[in-house]
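Same chain, two partners: subunit A is paired with subunit B first, then with subunit C.
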Partner chain A sequence: MSDGLNMSRRIRRTPYTDNVQEAGVRGFTVVNHMLLPKAYQPSVEEDYWHLREHVQLWDVSCQRQVQVTGPDAKALIQLMTPRDISRMCYNDCLYIPIIDAQGGMINDPVLIKLNDDKYWLSIADSDVLLYAKGIAYGKGFDVDLCEPDVFPLAIQGPKSEALLCRLFGNHIADISFFKYGWISFRGTKQLIARSGYSRQGGFEIYLKGAHLGPALWQTIWEAGQDFNITPGCPNLIERIEGGLFSYGNEMTSQNNPFEVMLGKYCVIDGSIDYIGLSALQKIAASGSTREIRGILFDGGPCPTCSIPWPVTREGQEIGTITSAIWSPRLERNVGLAIIENAEGNTGKPIEVKRPDATVSGSVSYLPFA
Partner chain B sequence: MLKYTEDHEWISLDGDIATVGITDHAQDALGDIVFVELPDVGTAVTAGGDMATVESFKAASSVYAPLSGEIIEINDSLSDDPAQVNSEPLGAGWFVKIKLDDPSAADALMDEGAYKALIS
Partner chain C sequence: MSDGLNMSRRIRRTPYTDNVQEAGVRGFTVVNHMLLPKAYQPSVEEDYWHLREHVQLWDVSCQRQVQVTGPDAKALIQLMTPRDISRMCYNDCLYIPIIDAQGGMINDPVLIKLNDDKYWLSIADSDVLLYAKGIAYGKGFDVDLCEPDVFPLAIQGPKSEALLCRLFGNHIADISFFKYGWISFRGTKQLIARSGYSRQGGFEIYLKGAHLGPALWQTIWEAGQDFNITPGCPNLIERIEGGLFSYGNEMTSQNNPFEVMLGKYCVIDGSIDYIGLSALQKIAASGSTREIRGILFDGGPCPTCSIPWPVTREGQEIGTITSAIWSPRLERNVGLAIIENAEGNTGKPIEVKRPDATVSGSVSYLPFA
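Our next item is the complex of A and B:
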């Protein structure tokens, strides 16, 4: 294995890892203690253009599910999030912030309602299961919590619908964005949602049964040949251009939802109760003006942003870039940064201290035009 | 004839009633719409103030009232099919109808040519 990862039982393989390696993966990262492919094509740019025009198959098993089952399932989840989940319907997928008592972001999962007493939290990169277990124990909730035998496989790109309709039937086209339906695969019923970590459209199959993983990958792979399918993974260019945030990069527990444009998901009028309510009320009352923005900056293709890069305006630091890359479409570097006085600084000239140079740039709304 | 705001809303005026939605440029920038939250009928809105919320992929954005007045009708069909905002932003994807306090205030909004210049 390349990339200096010391492979061990701590870093979990997925049901698709054999397929991924056979498909020519060039390296992995680790999310939720599980492998996530990070590159296939010779360059991220080629991967980007292909994603915008065709269809890709992504092993996103690292989006682990936290399964909450039992009569208090809904109450537990509501206690973890400032978003009102009371009107959530069967077949809904709902994006929710999960926060701690200080209002800090714990995670930003997609909540899937399977029935009134059963939910999945499809999580970003932090240990939500442990947080949920602690709250459930402390509150004496009647719930079962586990990580189920479910491994998401994403089909992303503009040709994904046509491919999946051919494979599983035309009912796939009737699934609305952030809703889910069902497919049959080898005698099993599998959940499929119109969702995924790109803005190019697509679906995620929440495969239940790890033993079916290689066959599912192969089935889609073979059918996808007519659609110019390639293996893929979340693309950094597409993600930043589209203003998609990554837990651990753009946000940590040191950030509150208002800073990462999730304020509209937070009910702070007291009509629902949750951990962190009073903290969010205080933050909202304080009029904090820190908020995430896009940064366009010069200097030719930038190196990987592995540590935050200072952003200054008139010599004063106003934030740090946490993710950045060269955009071949915009022909400039694009980055994401939490900016002080975000509204006042938007559209204004700034400087970015890249590792190799200090360059000019500007603050932009997201997503990038 | 449609008029436009700098915040990418459009209005269609019929006497003192304005039908309001978001532009094709706005829906394209937002991406697939998951959810639209509309105000209650009878709500008073102020030009430039929050009027509705549009949720797209992992983002929720405000839609602002283009002019002041009272909400007299909302497009209920968006609750079942918010994708109409993507597919027909200037038609079936309309948001609300506002009885304007001052219909002549619409004269100050952009015409199509000015709006196209704004987004070009």
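Our next item is the complex of A and C:
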């Protein structure tokens, strides 16, 4: 038995886990009951600089799909989200909040429309499938719900497009941001989207067929040698700098969509109906001013943030940092925090209670400059 | 950054995590988005022998509670389970299957009745709260649903009762198996049940108030010195020998309750209605003979089972092992597997395809003798 994470069937391996281990993965976390690699290089900083310049291959199978099919598929999904999906097109990938009756965030998946009665919700870390099953039962919807045999593989970084065009054809370059197209792989047709959990550009292949996983990894890996490819994973420095939020970290069911910059996706004028509509209307009418911001702060490289750290202004707590790390580019610590009176506090000096010290900082818009 | 599991707010610490780390925990797993200690002693075997003889303190906070309150609390819970809860008493802890419309297992929690309109579901590893929220919305039930500020701490092993009687009073001895009582701790009243994830006897304190966690741990720890207490955690050898199943390992939504010995809790005569009733009736009528059994097998201490291992009889696959480990007491490997024609195959010779070898074995009733 080794230190760290213990393995069992419950903590599911992915079709790429063998490849990932061969590639020298140094740690995992667990998302949706599945392994997500968390480190390869000797340091997160090396991963960070590489991601900004080259191309990386990420096993993001833990972005599980909730497949909704049937005549009531669209009605069920609309009930789960405040975002209007009525004019969604094929080839659209839509970032949607899913909320509960109190307006609390349940998940923030990407919704993919495959056809009029078939959708995938590509989810963050909570069992959206169970929420959907409960609603579908309660409302008597005519839908089928399952987790299909689909395992996303991300290709991230500025050289992603060149690599994938060489491998799969130049039509890859025509796929717009948050749209999807198709590639051929070993006689199968596979969905590929211009998306991913970084701000460095890239794609996600929604591989259908776990048995094809090792071959897909290997194919991209080999073609990627000319592009200085490395194995990678969501990079904490890059995602915080870029203002990418993580369900369970920046938001839980105690947060509403307005607090995490998802207000722009929430239709609250009554033109569509969904779970939590009246809760969101009340929150909007209350004039709540809590919103997520970046925090720049001092004191040299900070430890891991596993319990939120208080942010105070003039002695008053105005929020807590939920993710933080040293930015080698900005040469300061960067963090994410939901802040009271966010507009009024932006740009202002604050203090951060790190576990090891109380230090000075300031509130910044996101993404960090 | 260390090898193994990476920490973040999303992988929640518990009120006891500081104590657990001071006590020298050597690894964690993740259950319900929360840390569960997985090893302390140099070997699982040392933990095993100690658990059978003395007393251990386990941080099982990851057994999260889904609190259901309100006039429709009982109706909602009855809809989620095939077990009849109508005659449930205060002080009862009821082990219940929760299933979906296809009869698939969603979870196997312990249900605790606090009063006529207040219940806790003490859950295994899936977001039952989301399932409950979906059903409650869809059916328009008048309930409040939340994850309360409750963090179970288990005291397991044959000396548990003596230790807890000394600490909290002799009324502890009067609590029957799967019943609960109350203790006083620092001016609060806390629920204590005779239950836990071992066959060695013991109790679980459902501590209300995270801030009391370190003091509760420390109080039991100090009083436990006379009883040779150690920190512990669910022990893989002990639970497999004892026939205790793990959601995500022995069963998933692809399994029905009959397959995992929960048929005795399923009322299918139509006297109660619940989600999945007609599915269970169909399965029962089909004469399905798949059921979980123990597997004894050769080849010396086996590796960790993270991908199910095929079990064959006369060349035909009859099931897969989902958890397995070397039993130092039986001096053989023990595993758990859902087996086709379970009655017909019990006692019969089989072969197990371990990752490192194909070896001989036999099918056994549970718990292992």
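Definition applied: the second predicted complex is superposed on the first by the 366 of 369 C-alpha atoms of A that agree within 3 Å, B and C clash if a C-alpha of one lies under 4 Å from a C-alpha of the other, contacts with A are read in each partner's own complex, and residues count from 1 in each chain.
What we mean here is this: a contact is a pair of C-beta atoms (placed from the backbone, for glycine too) under 8 Å apart; a residue touches a chain by one contact, two chains touch by 3 or more.
On a predicted model such as this, the values are computed, not experimentally measured, just so you know.
Contact with subunit B, but none with subunit C, is seen for A:Lys264 once the two complexes are overlaid on the shared chain.
Touch criterion met: A:Phe177 reaches subunit B, while subunit C stays clear of it. In the superposed model, A:Tyr247 makes contact with subunit C only, not with subunit B. Legend: residue contacts after superposition of the two complexes on their common chain; A:Arg166 is shown touching neither subunit B nor subunit C. In the superposed model, A:Arg290 makes contact with neither subunit B nor subunit C.
By the touch criterion defined above, A:Lys348 reaches neither subunit B nor subunit C. By the touch criterion defined above, A:Tyr95 reaches subunit B but does not reach subunit C.
Counting residues of subunit A touched by each partner, subunit B versus subunit C, the larger count belongs to C. Of the two partner chains placed around the shared chain by superposition, subunit C is the only one that A:Thr322 touches, whereas subunit B remains out of contact.
Remark: subunit A residues 95, 108, 176-178, 194, 199, 201, 242-245, 261-262, 264-265, 366-367, 369 touch subunit B in the complex. Interface of subunit B with subunit A (complex): residues 29, 31-35, 53, 55, 57-62, 81-83.
Residues 1-11, 13, 26-30, 33, 38-39, 43-44, 100-101, 106, 125-128, 130-140, 246-249, 275, 304-308, 322-323 of subunit C are the ones that touch subunit A when the two sit in their complex.
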